[in-house]
Amino acid sequence: MASWLPTLKTETPEEGYDLAIKLSRVAVKLTQPDAEVRDRLRPTYAEDPDALIAVSQVVATHFATIAAANEYWRDTQDKG
Amino acid sequence: MASWLPTLKTETPEEGYDLAIKLSRVAVKLTQPDAEVRDRLRPTYAEDPDALIAVSQVVATHFATIAAANEYWRDTQDKG
Amino acid sequence: MASWLPTLKTETPEEGYDLAIKLSRVAVKLTQPDAEVRDRLRPTYAEDPDALIAVSQVVATHFATIAAANEYWRDTQDKG
Amino acid sequence: MASWLPTLKTETPEEGYDLAIKLSRVAVKLTQPDAEVRDRLRPTYAEDPDALIAVSQVVATHFATIAAANEYWRDTQDKG
Amino acid sequence: MASWLPTLKTETPEEGYDLAIKLSRVAVKLTQPDAEVRDRLRPTYAEDPDALIAVSQVVATHFATIAAANEYWRDTQDKG
Amino acid sequence: MASWLPTLKTETPEEGYDLAIKLSRVAVKLTQPDAEVRDRLRPTYAEDPDALIAVSQVVATHFATIAAANEYWRDTQDKG
């Protein structure tokens, strides 16, 4: 089976950010493996400002790790 | 399409701080993609001290990452 | 008795993530050693979005440590 | 216009701490730009222990960044 | 009097984790020095999932510090 | 006037921990400068497990900074 997380390397900061979001979601999945329950919970927290901010805190923590892993993409040319 | 995050480099600490705010907002957008819902939630949390403090915590975490990426702007001349 | 944490080294980022989850759970066990109580609490927080997000924050913090310990698996070939 | 954040460098740890407090407040201002609303909220959270502790958490996060930027003021002579 | 914290060095990651738990508890003791009050509070938070998760967050933060202090026990042979 | 924070250097980890507690308290003082109000709030949060844990989180964050500033007291002989 392919790994869901083969590497922390990404081409760009934006892809690093997407990976941070993925990492923040996997912990939820592993704690609540029942997809049906997760689907039931989603509307509640997606309209709860506190939950949305808390999610973005988790993303920020993972993004810090991924940015360090990529040495902050310092050698990457801007492509914006 | 242009990337919304082509680089973590900024000219000054102040621009780095602005980028930290941007990064903190994107996670909310990706978790609650419906702009109408977000607009409805904004007045609530913008008057909720706990939410405002929680937002500033997320910003602080992203600012730490961006500051490290810019080696703390140590070579930048003060322009204040 | 074998140690439950002989090393922070893992082969891959995915195994590092699994270890982060383990580390986040051990603190709960050491604070609430009664397995029966923990089993009673589990259904409650596993359906509480705030608790699920808070767990993923702890995992993110441990993952940062483990990733640094493994120098971000930079020398690991992608195996995904 | 002068920048509100021209540099992360400070002469002493104490000034670094003051800067950390400033950084923690700016995010609140940028999320709730209406000074009148902020003034109305202040008495509430200034008497709420949870809010006060949460503020000090944000300050601690910014102080970590500023301390690193100043290489922990290791070359500074004690002036206390 | 012997110091309760003579060093951050530990032989193994597991001992480092135990030290992280100790560090997380001392702050509570210093804020609430009355052992009787602490004993009264314990049953409440030991059955409160939110409190248990919050404790494990503090432990994770201290473990990060201790792991860095020990250079992640990279030179330690696995003994598990 | 003497600085309340002339340096982040301490002789031992234990003194570093004490300094972390001091740093966590100063932010509260600067946000709520009225000592009478702070005295009124203290009994409430000193018996609130959530507040006690939140305080220990702030202390953990400051301790990380102070430990890094002291290079984890690696050259200090154990004196425990």
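As written, the chains take the letters A, B, C, D, E and F, and residue 1 is the first residue of each chain.
Please note the rule applied: a contact is a pair of C-beta atoms (placed from the backbone, for glycine too) under 8 Å apart; a residue touches a chain by one contact, two chains touch by 3 or more.
Keep in mind that what you see is a predicted model, and the values were worked out from it rather than measured.
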Can you tell me which chain lies farthest from subunit A, using the average of the Cα atoms as each chain's centre? F
Whole-Å gap separating subunit E and subunit F, where each centre is the average of the chain's CA atoms: 16
When the C-alpha atoms of subunit C and subunit D are each averaged to a single point, how far apart are the two points in Å? 32
Distance between the centres, which are taken as Cα means, of subunit C and subunit B, whole angstrom: 27
Which positions in subunit C are in touch with at least two other chains? 50, 54-55, 57, 61, 64, 68
Would you identify the shape of the chain contact graph, picking one of line, ring, star, complete or other? ring
Counting contacts the way the document defines them, list the chains around the ring, subunit A then subunit B and the rest. A, B, D, F, E, C
Complex contacts: residues of subunit F adjacent to subunit D: 2-9, 23-28, 30-32, 37, 41, 44-45, 48, 50-51, 54-55, 57-58, 61-62, 64-65, 68-69
Sites on subunit A touched by subunit B in the complex: 12-14, 17, 21, 46-47, 49-50, 52-57, 59-61, 63-64, 67-68, 72-74, 76, 78-80
